[in-house]
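To start, the structure under review is shown below, and the notes come after it.
Note that the chains take the letters A, B, C and D in the order they are written out, and that residue 1 is the start of every chain.
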Amino acid sequence: MSKTRVGIINVTGYTGVELARLLAGHPAVQLVSVTGRSVAGKRLGEVFPHLSGLHLAIEAELGDVDFAFSALPHKEGAAVIGGLLERGLKVLDLSADFRLKDALEYPQWYGFDHPWPQLLDEAVYGLPELYRHKIAAARLVANPGCYPTAVLLALAPVAKQGLIGGDIIIDAKSGVSGAGRGLSLGSQYCEASEDTAAYALGGHRHLPEIIQELRLLKPGFAPSATFVPHLVPMTRGILATCYANLKEGQSGTELKELYREFYKDEPFVRVSAEPPHTKHTWGSNYCLVHPVFDRRTGRLVVISCIDNLVKGAAGQAIQNMNIMLGLDETAGLESAAVFP
Amino acid sequence: MSKTRVGIINVTGYTGVELARLLAGHPAVQLVSVTGRSVAGKRLGEVFPHLSGLHLAIEAELGDVDFAFSALPHKEGAAVIGGLLERGLKVLDLSADFRLKDALEYPQWYGFDHPWPQLLDEAVYGLPELYRHKIAAARLVANPGCYPTAVLLALAPVAKQGLIGGDIIIDAKSGVSGAGRGLSLGSQYCEASEDTAAYALGGHRHLPEIIQELRLLKPGFAPSATFVPHLVPMTRGILATCYANLKEGQSGTELKELYREFYKDEPFVRVSAEPPHTKHTWGSNYCLVHPVFDRRTGRLVVISCIDNLVKGAAGQAIQNMNIMLGLDETAGLESAAVFP
Amino acid sequence: MSKTRVGIINVTGYTGVELARLLAGHPAVQLVSVTGRSVAGKRLGEVFPHLSGLHLAIEAELGDVDFAFSALPHKEGAAVIGGLLERGLKVLDLSADFRLKDALEYPQWYGFDHPWPQLLDEAVYGLPELYRHKIAAARLVANPGCYPTAVLLALAPVAKQGLIGGDIIIDAKSGVSGAGRGLSLGSQYCEASEDTAAYALGGHRHLPEIIQELRLLKPGFAPSATFVPHLVPMTRGILATCYANLKEGQSGTELKELYREFYKDEPFVRVSAEPPHTKHTWGSNYCLVHPVFDRRTGRLVVISCIDNLVKGAAGQAIQNMNIMLGLDETAGLESAAVFP
Amino acid sequence: MSKTRVGIINVTGYTGVELARLLAGHPAVQLVSVTGRSVAGKRLGEVFPHLSGLHLAIEAELGDVDFAFSALPHKEGAAVIGGLLERGLKVLDLSADFRLKDALEYPQWYGFDHPWPQLLDEAVYGLPELYRHKIAAARLVANPGCYPTAVLLALAPVAKQGLIGGDIIIDAKSGVSGAGRGLSLGSQYCEASEDTAAYALGGHRHLPEIIQELRLLKPGFAPSATFVPHLVPMTRGILATCYANLKEGQSGTELKELYREFYKDEPFVRVSAEPPHTKHTWGSNYCLVHPVFDRRTGRLVVISCIDNLVKGAAGQAIQNMNIMLGLDETAGLESAAVFP
């Protein structure tokens, strides 16, 4: 069987290069084209020595492929994806450009008017645990943000069943790779190591995405979430600690069972018996979820963690691609985390 | 003027050794005796090369001092402190043994019956920003826990004025030195580096201390707090992110002003204009506090950070000692953080 | 084709657990038995959550397998391996117990008399780049130490051709996982992070192994090596910086070409154009080698790096197993490094 | 006694900001002016929150001071220092611009023609352990590089006495702050953490400085040094491992005694009994030196370590200032390292 030809637009960020690493081991698709304007002409292995085994040249434009991953930053992705669809490609967009359903959110949160608002309806939000069937039929899938992936997998089981109130607090901790490969003072080793701080207290761009998807979990659910992201000194990983009020009449006794049931057929979500460690997801596509009932306050605490570059980006993108192409959903993603 | 002679019981943990470092530079007291059973007889500089300039031997028993710091673990401290007081010493206890006012909490949270319940009333909770005058008159001061220090300094201004409801969430992130110098798998570099996880989800021992002190801030205040501590990969530092509901009629506009006013005469608390970084407190006795009003939800978020070994332990202990001895409260503690 | 049944003795150290991770993705063998005395009876996933997908129980004794990896510490391995061979198993020993050819070295360096000196001749030193054919025929292979692997791959091309003098300096930097999973103060996060130090200045146990194998590279070669290992704050990785004198008449011009030629058919050794980074080998079986001629002094500097747990331990063990079983040498080891 | 007024030109790099931190606690001088072109007009505490207690504004031009520290990059320092001297100031230059005695080295190593070659003779190389008396009389002192400081303190005792041959290897490991506060990909957390690599293999700029000063230690000494610097994942610290051949007739027995004698009156150099850890110098002005005789090869190994921002830059600069101003040499520098 000939392999599907796939390409990556903008391979030079951490998301792009992680896609290349994972696709290199994929049994059913072949990575044949990678682009990156600033370093076009170089060998991929010159820029990323760990990928020198791929023997690919970085091109200025995407070559002849059947499936495209766009790892362009927001706004830049929107500008090219319409054209790719017109060429007949299936497209997985890793930016935020097709995640929000309401075009009016883009000027507010991302500072640009959406050039293809008509595609917002068509685009499928690529969280397989919630939208597997739609993803299978889609030609354009918007890969979820890293924070929303962790948060939605933490809260979906209880939100979908209407067990929690709308008063939600999300305290999330992210590794530094979430800030991307672009240079910034805050991402320098000497500033980020041995430090912890909150950021984006005025409102993080992943908040509308979280709110939109929480709302869609159950008709009438009107969440009012406070979301405070933090930067912690690690390269990979997101840990989301979510606090919600269990509705009256609910107790915590069946919580873990409810979560286990909800995720029992999911290949990449594990309900963990112990508080999960981001390190147990390093390099893998797994999400660990751990619900706890705080007896003293009657509050629900759900902790989830992922590798932000895998389940939070490149791995989930490949999971979506697998579904879109009718392949085994776990193909190329079976590796256990690299621990320690 | 002759210097006051001070000693440290159990110098070999991270709290003890940090006390020694800070006391070495103190202008008005002299560290003359340090104990540590397992390494008694060794030079302090053999065990801690950075302190070889102190030229002290580690003794089995405390020598002739006027003031004693006990850095023994909980339960062990309680056993010896009564005797020290009887010798006429002033004592600063860094364990939890005299923090809780209700003797019945000890069996529940610390697993032992308190041997000196009559001292619980006399002991003063050593948070100078709340109890400065009592500390000045005390012969026994109980140094607050690291988490409670960060949390109470974050919430005191609003709790004391009755501005928040009792429904509080505390999401705290601590460096690994909080776990002490004892060996444990979770504290090994290969396990703790590049990792973030929550722990003590069944109830952390600092919770009753936080609740006790929050209650005391305002008559009738009945906080119901969920407290989730996390371990992040850094040696020093605690960042506490506290979530509370502002009472009706309150708005966020005067929040920063209220905090600035509350702490305007405090030498070691700074209300920061930007989200604070633990790294900006590294090695120093400062606490940075940053209140934010979340307009979207009407919720109050207060972030505070300290160096857990300084303001969260040894530095605060020396601040208390300064007050107890009538010295300048900042003596020996003026150093800025070591950054980066 | 039925898969070969393999087992791991002592899965609970970092080497054992890394073997399990890599074997989980191996296409031609099946990991059917893992032992670990202290935690026998537990599920593997309880001890190592990232391996919960393996659905294995930790046993007290090795089950029915055709091939055994022994990840026991030195001395303990020697005690059981004879018995395994008598059962007809092929054995890969990850300890030092069968690396040294001279039984008299064991009392001196490892503090015990070798119980099976007659096996020292039979055992093959498992560095495939040097001993591939012998490994293919062996029933007992001694996996090289992590430092020797890095050093020998750095120096073999020039030593084998007699291009360097015997006056060699090896300055090696290792991540903390090299110290194993046992608890020690020096491996605690608070002690090892943000620190660099040399250790074992009186003579590291890997020195006789390095000397033995350097000697065997060319008849008459009598190296006199100074080997100084250092601990640096990272979990995985060894970087060896090797200094040697090029013999008269040699120049550095053809150095890189010589290395490229020497390693041109090697699947896991890459001669890098730039100074190699340990991070580019993280989780992978690759060794990067970078020879440099220092024009100012006429000296040869060769820098090599590996992931100490993969090419320095578990990965190389699987590479050896592949050769011993007649499988594709790269089976189960093709993954690129996880970067960043 | 009125304090000497001092200023820092270019306070915004890691060296400048560390100077400000240390000067803040100096008993005999007052920091009254700090400059920084890009952020002129801001409060120092806005840019560096840990220094908000200093209450200084960052100026465009140096104010009225008696003593100036120039923390400008090389070439830029040379352009302004002549003018400062003409104003009658004493100057401590932290760049390389007045370290090398031979003006011809500047085009080769630093890429510019020296604008003040006549000052090269006058400038004193600011290593107090070697040039204390000259420093006391100087109006311009060139602060040594971080690597040369560590290396010269390691080798001076034996080189000065003619005990070693000229064939020297220096394998040095530096924390990331050595690369400065300017943005670079290699200094980003995600690239530098959990990584070790060599760099500048073609020749590091500190090499001519090391060679120059080694030569001056003993007439006729003609060192031929290979210097390989490495980057390791820590913010502060340099560990230099120096390898040299002891001249015939020498043995290692009196080595430690010789080092102890050589440094017996030095306030900031300690000959350590155990292999030194960079972490034991964190934030302090100490240099730890550890000579070892390798019996197997007859080679001398000397390991030294410093905090590159303190003894390797700002601390040494203040030590020099103390000497130039006739103050107690240790004033403002007595703090022990912050450990852990």
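Assume contacts are C-beta pairs under 8 Å (C-beta built on N, C-alpha and C of every residue); 3 or more make two chains touch, one makes a residue touch a chain.
Given the structure is predicted, the values throughout are model-derived calculations rather than measurements.
Asks: Indicate the lowest number of steps between chain A and chain D, counting one step per move to a touching chain.
Replies: Minimum step count, chain A to chain D: 1.
Asks: So using the touch definition from the top, which pair is joined by more C-beta contacts, B-C or A-C?
Replies: Most C-beta pairs in contact, of the two: A-C.
Asks: With chain centres defined as mean CA positions, report which chain is farthest from chain A.
Replies: With centres defined by C-alpha atoms, farthest from chain A sits D.
Asks: Measuring centre to centre with CA averages, how many angstrom lie between chain C and chain D?
Replies: One centre to the other, that is 39 Å.
Asks: On a C-alpha centroid basis, what's the spacing between chain B and chain C, in Å?
Replies: 46
Asks: Approximately how many whole Å separate the CA-defined centres of chain A and chain C?
Replies: 36
Asks: Which residues of chain A are in contact with two or more other chains?
Replies: Answer for chain A, listing residues that touch two or more other chains: 14, 177, 190-191, 193-194, 233-236, 276-277, 282, 340.
Asks: Can you tell me which positions in chain B touch chain A when the two form their complex?
Replies: It is residues 167, 169, 171, 173, 175, 190-191, 193-199, 201, 203, 207, 224-226, 228, 230, 232-237, 239, 241, 243, 275-279, 282, 292, 294, 296-297, 299, 301, 303, 305, 340 of chain B that touch chain A.
Asks: Could you pull out which chain C residues touch chain A in their complex?
Replies: Its residues touching chain A are 14, 17, 21, 24-25, 46, 48-54, 177, 193-194, 235-236, 270, 272-274, 276-277, 280-284, 286, 288, 334-340.
Asks: Enumerate the contact residues on chain D facing chain A in the complex.
Replies: So the residues of chain D touching chain A come out as 14, 176-177, 181, 183-185, 187-194, 233-235.
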